[in-house]
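In what comes next, chain A is part of two complexes: it sits with chain B in the first one and with chain C in the second one.
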Partner chain A sequence: MSLLHYLVLSPFILAIFIPFLYKWFRNVHTGWFILPLPVILFGYLLTFVTTGQGMEVVEETVPWVPSLGINFTVYLDGLSLLFALLITGIGALVVLYSIFYIANKKDEPLNNFYVYLLMFMGAMLGVVLTDNLIVIYVFWELTSLASSLLIAYWFHKEKSRYGAQKSMLITVSGGFAMLAGFSLLYVITGTFSIQGIIEQSAQVIASPLAVPAMLLVLAGAFTKSAQFPFHIWLPDAMEAPTPVSAYLHSATMVKAGIYLVARFTPVFGGMPEWFWIVSAAGIITLTWGSISAVRQKDLKAILAFSTVSQLGLIMTLLGLGSAALYFDVANEGQYYTFAVMAAVFHLINHATFKGGLFMAVGIIDHETGTRDIRKLGGLMSVMPITFTISLIGLASMAGLPPFNGFLSKEMFFTGVLDATELPIFNMQTVGLMFPVLAWIASIFTFLYCLIMLMKTFFGKYQPEKLEKEAHEAPIGMLISPIILISLVVIIGFFPNILAYTIIEPVMNSILPGFTFEPNIYHWHGLNTEIFMTVGVILFGSLIFMNLNRWQETYFFLRERDPLNQVYDKGLDGLITGAQGITNIQMTGLLRDYFAYMSVFMVGALMFTMFWFDAFTFDVNFGMMGSITPYAVIIIVLLAVVSLALPFIQHRVSAIAVLGVVGFLIALLFVNFRAPDLALTQLLVETVMVVLFLLCFYFLPELKRGDFKPKFRWLNLVISISVGLTVSLIGISALSLSQTDGYESISMYFIENTYELTGGKNMVNMILDDFRALDTILEVLVLGIAALGVVALIKLRFKGGEDV
Partner chain B sequence: MKTNYVMLHTITRIVALIVLSFSVYLFFAGHYTPGGGFIGGLMFACGLLLLYLSFDLNKITTVLPIDFEKVIAIGLLIGIGTGLNSLLFGDPFLTMYFDYYDVWLLGEVGLTTTTPFAIAIFLVVVGVALLTILTIAGDEA
Partner chain C sequence: MELLMIILIGIIFSVSTYLMLTNSLLRVIFGIVMLSHGAHLLLLTLSGFNDGAPPLLGEEASVYMDPLPQALILTAIVISFGVTAFLLVLGYRTYRAHETDKMDQLRGNADE
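Right, the complex of A and B next:
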């Protein structure tokens, strides 16, 4: 275990102590205990940032399941470092902000909030810092779980639960698809290590499984990063407390999909399918998100759709940039790497301005009691600091100089314009769609930024519509957004402080082999990009001035994304369908269930036996011991009693007779000198008889006329086939052991039991030592079954409950 | 006519004692001769069941106020604890150890970590058998 392993695990370790700290120090806000951790982690991670060229990659491995190639390998390169810095940096700011945002109230257990938050932090660090796909998958699903729990933090609200369920269903199904994709990659390359897969990328691309693997991995990335049409969970996730929205649903978790796409660019980059799917999904999400954002009335909903569209922007750039890998490093490939650089730069910028904006909206919500833009207005003079924060954040998001958003938006335009010149993938014809859509989306981005600013801070102050009297937030709440917004300004003026420290190492991990000179500057001369920006401002303002006419249209009145209907109908259909299928098979009659089980067992066994052609009847009777008369007597008795069973009409007598069968079997074991088995059989039989008698005491009397004759024939066929299957398999096993010289495993136990375990009772030593894992799992099943009985009986519905 | 249970009660008192102590014997015998955690547990459960059957359910519950859900939980925890123990020594989960020690008055005694494991099995088996049966028997519906 290296320090980096502890870095990933430390949030989980701290989370164990949170409930106790919460209980013992009720007067101290639990957040203060959390705050040091992300700060320390951030500080430690900063030591990996280099100022010179080239970053040293750190790799440390702890074996987990080495036999399956699953190892907890920490891999820290530029890309991981950027994300880890975001997670811990923004994490620290969000924790600080949350201390003032979430009050220490009795009915809202703070410890839950911080335990989930730490769980998320650890899981997210795990996703970005590990190299092994299976470990990534585990952490990936943990982030989904933590996100869902945090959305449902105010679980008494119906909408919170709906949002939590939705995000869970969508992201976890995506994650599951991703696991299938990882498995396919393992089939192709024989390794779960991402670096190992990257080394074999030529082999991956050549494989016929490449496209399915790619689609499945992308399903995980797109659901997590809220790409069209999976983006519908993100607006509903806004029911979470605002610190959570700022942290998970704008700065970190939703970028996990971006991370995954960036990580797999060296593997799939250069494939036309990858290029088209990633960039098309991105550009559609960008446009759809920005257009949807315009018609929202809730500040957080605007930000949610804005996040969706910005994620689409980054995704588009990653997709377009992947074309570079199609070419040789020495040739024109270099030219197209620019898009990836824009993506990385915008990813950082988005985290700063969107984080700040979310916090500002949280402040407005906290201090006025509403986020509805129809009720807000004129807050500029009431909340001057929040206004300044929002102004800078929104200007940056809209792409106005001199802030960092302007720089990355210009780079984005350059990226999409360059892409139209690509000589491959039909880009010279269809490729024109990219700059056009990008431009339209930017107009709407500008428009919703303007709406947010004007409707909240300008216009008329309407104190009668607000729940509280508005005033500026306490200083503690303002620190975090001020830090983030200062970063917006600093990066805007001095973008090149990031150039070789962060951006270049990241580029080296996304597009290995290329050399980069990341120089970012404001003024490029009068080129197409600057005219596009001017056009965006012009058209955006024009629409805003005519907004009053637009507002009454159908488009503006319908806030909800139409795709939600697909989800809602689909979920309802799934539940009804599942119930339908269940109702067909669950008849409530035990004998039907026994019939299913028997038929399945016979089918599965017979199929396997025929498939492998395993039936042999070549038994050498000479090699078997003689049969004692006792055994013959017991077996005849067994047969007679068993045959008599179906004809007994009284339940209690049937149980007693069944007990006789059990005791006869115990006798048979005695005859074959297996005292342990005989003893167990006797005892189990005793307990079973008591149990059966008790159960049947509650059942109605067995009546003869109940069965239809046809049904009984079917039962006869089933019972005979079960008997036949078991007998045939028994004979085949005997015959195989005689002919093919298979040595019985019991010899091993006979030879080694005393040596290895110090015990002489072989059966027990197998149970307690050799196969102890089986035993503990068996008793676990027993325990679960007993608790199931308790649940079924004691928690039974009395009728009339809402299920 | 009121049924008289005197015979049953008197015999049960003696038999239950024998059954219960025999189950403990079976438990410890399991290392070298037939017996062990599973059989011992079943036998112990049978002994207790005998008590519950011949006396009243409520009467035994007042005499033996045992929560069998907790018995299962404790058993499972002991079992997993035995497994985790070996992780401390860097061995795989559920590695068992044994050695011989000179104990005062008893001479050389073989001690093994399968014993706590067998105790775990014992507890779970007793808990499961009695929890299931008592729950069904105590059902009012």
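Right, the complex of A and C next:
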């Protein structure tokens, strides 16, 4: 166990102690006990940051299930380090923020909250810091679980439970698909280690299983990262407390899918399928998310759709950048790595401004009691600090200079414009879609940022619609968003502090083998990107000014994503369908179940026999016993009596006929020279008839004619087919046993019975000597039956009635 | 001989299936009894008949009937007797408790 292992496990270890700390120190807010942990982890992770090329990769292994190749391997390279820094850094800020957000110590179950949050933090660190696919999957599912628990933190609210269930179902199904993809990768490469798989990437791409494995892994990544059409869980996850939304649903968990795609780019990158699926899913999500965000009325819903859209943007860039791996490292490939750099840069920027914005919205919610933009307005002078935070965050999100969002948006435009020049995958024709859609999405992004700003902070202040008297938040709540927004500004002005420290090592992990020039400048000269940004601002403002005109349209009034209907209907249909099927087949009638069994057995046996052509009728009559008239008479009698049994109206007659059947069978045993069988059969049949009559004597009076049930054709068909199957298989078995050439082992008994046992009755000697174990157990069966009979007659649990 | 027996066994199996598919509890027990008869006869038949003596060494014959299936059937007869006796008493208890022998009235609760 290295220090990095303890780093992953430390949140889980601390989580164990939280309930005790909560109980023993009721006067101290539990969050204060948590806060040092992410700060320490963040500080420790910072020591791995180096400038220049020299990011040293750390790899430490602890065996977990070595026989299956599952080891708890910690692997820290640029990509992992970036995510781990985001998780711990924003984690620390969120914990600080939550201490003031959930300030009411008495009413809120804080121990639950922090246990779930720590569990999430540990799981997320596990996802990004481990190298083994199975370990990643374990932590991946833990993040889903922790996320659902946190969404349903206020579990008395119906909507919270709905959102938690939805996110659970979608992300866990995706995670399960991902496990299947991991298994396929294991089948191809024989290892669960990601680095081992990357080394064999040529082999993976050549394999026929590459595309299924890729699709399954992407299913996991897309569900987690809320890509179209799996994004529907994210807006419903906004029922969680705001610190949770800020942490999980903007900065960390939803980026787990991004992490996975980046991690697997060296494996699948260069495949046209990967390029197309990832970039197309990204660009659709980007456009859909930004358009949907415009019509939301709830601040958190706007931010949720905005997160969806920004994640789509990062995904698009990762997809486009993977084309670099298609080329030779030394040649043109270099040129296309720019998209990946833009993705990494925007990933960092998004975490900073989206975290800050969520916290600002949380403050507004906390201080006014509502998040509805129709009720808010004119808060600029009331909440000046929150206003400044929001203004910078929104400007960065919209892509305005001089903040970091502007830089990443410019780089995004460059990336999509470069992509149209790709000489592969039909990009020169179809590729034009990317800049066009990206530009439209940017207009809508600008629009919803503007709506958020204007509706919340400008306009008229409406105190009568608010639940509380609006005022500025306490300073503790403002610290975290201020830090995040300062980062937005600092990165905006000095983007190159990230270039060699963070971005270059990350690029080295995503696109191994390439060399980079990760310099980010504000001013590139008057190029297409600048004109696109100017166009975005112009068109966005134009639409905003005419907003009143089409605010009443159907598109604007409907807030719910239409895909929710598909989900809801699908879930309902699944439940009612399953109930319907169960109701049809589980009738509760023994008769039906027996009919199923008979039909299935007849079908399976008949099918098998026909399939293997096993029906045979060439019986050798010379090897069979001779037909005696005496035996024929008994057999015919037996057949007639058996056939008569179902037609008998009266119970006593039926019992008598059953007795006749038994005695005729005893006669058959006599005929086939089985004296012991005949004896036993006679005895047993006599006792049985007596038992039947005894039972009948005590039975309650029943109406006449009740005994003979209605005739059913179906029953007749089933029973005849059962008899036919038995006969046909019997004949086949008989004729096959005549030709297989194997002797019966009975010659041994016949020759050795007297020598070995001293008895002359072979059947009895087999029962008591050669195979006596059967007999012992048979005696046991009889004993158990007798005890059961006694218990059934004597025992009464309800008291009262006795026989 | 064996072919005749196999046809008879087919008939017995049909009758027992038909009885088990009916609505009366007593008839279901009849069906089970018939099914065990059919199974015993099938065991005997498929070992093959020869015209030998009963499996008693005192007979001092040259050919004996196969003793092994007879031993197996003997075991099976006793076991099926035990099970049938238990079933009968169970059926009797059901009658006492529910005053009916109709299988479709003995369906249990919806929650089960």
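Methods note: the second predicted complex is superposed on the first by the 577 of 803 C-alpha atoms of A that agree within 3 Å, B and C clash if a C-alpha of one lies under 4 Å from a C-alpha of the other, contacts with A are read in each partner's own complex, and residues count from 1 in each chain.
FYI, a contact is a pair of C-beta atoms (placed from the backbone, for glycine too) under 8 Å apart; a residue touches a chain by one contact, two chains touch by 3 or more.
Just so it is clear, the structure is predicted and the values come from calculations on it, not from any experiment.
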Legend entry - chain B versus chain C as contact partner of A:Leu542, first or second or both or neither: neither
Inset, instruction - Check the residue A:Ala785 against both partner chains and state whether it touches chain B (first), chain C (second), both, or neither. - result: both
Inset, instruction - Classify the contacts of A:Leu46 with the two partner chains as first (chain B alone), second (chain C alone), both, or neither. - result: neither
Inset, instruction - State whether A:Ile665 touches chain B only (first), chain C only (second), both chains, or neither. - result: second
Inset, instruction - Quick one: classify A:Val187 as touching chain B (first), chain C (second), both or neither. - result: neither
Inset, instruction - With the two complexes superposed on chain A, say which partner A:Lys794 touches: chain B (first), chain C (second), both, or neither. - result: first
Inset, instruction - Please indicate which partner A:Ile475 is in contact with in the superposed arrangement: first for chain B, second for chain C, both, or neither. - result: neither
Inset, instruction - May I ask you to name which of chain B and chain C touches more residues of chain A? - result: C
Inset, instruction - Report for A:Ala614: first if it touches chain B alone, second if chain C alone, otherwise both or neither. - result: neither
Inset, instruction - In the overlay, answer first, second, both or neither for which of chain B and chain C A:Leu767 touches. - result: both
Legend entry - Common ground on chain A, meaning residues reached by chain C in one complex and by chain B in the other: 675-676, 680, 684, 687, 691, 695, 698, 760-761, 763, 767, 775, 782, 785-786, 789, 793
Legend entry - Residue ranges of chain B in contact with chain A within the complex: 26, 30-39, 42-43, 45-46, 49, 53, 68-69, 72-73, 75-76, 79-80, 83, 93-94, 96, 98-100, 110, 112, 114, 117-118, 120-121, 124-125, 127-129, 131-133, 135-137, 139, 141
Legend entry - In the complex, chain A residues that touch chain C: 588-591, 594-595, 598, 619, 623-628, 631-632, 635, 638-639, 642-643, 645-646, 651, 654, 658, 661-662, 665, 668-669, 672-677, 680-681, 684, 687-688, 691-692, 695-696, 698-700, 702, 706-707, 709-710, 712, 715-716, 718-720, 722-724, 726-727, 730-731, 733-734, 737-738, 744-746, 749-750, 753-754, 760-763, 766-767, 771, 774-775, 778, 781-782, 784-786, 788-789, 792-793, 801, 803
Legend entry - Of all residues in chain A, those that touch chain B in their complex: 675-676, 679-680, 683-684, 686-687, 690-691, 694-695, 698, 757-761, 763-765, 767-769, 772-773, 775-776, 779-780, 782-783, 785-787, 789-790, 793-794, 796
Inset, instruction - Over in the complex, which chain C residues touch chain A? Could you list them? - result: 1-24, 26-28, 30, 33-34, 37-38, 40-42, 44-58, 64-68, 70-71, 73-75, 77-79, 81-86, 88-93, 95-96, 99, 101-104, 106-108
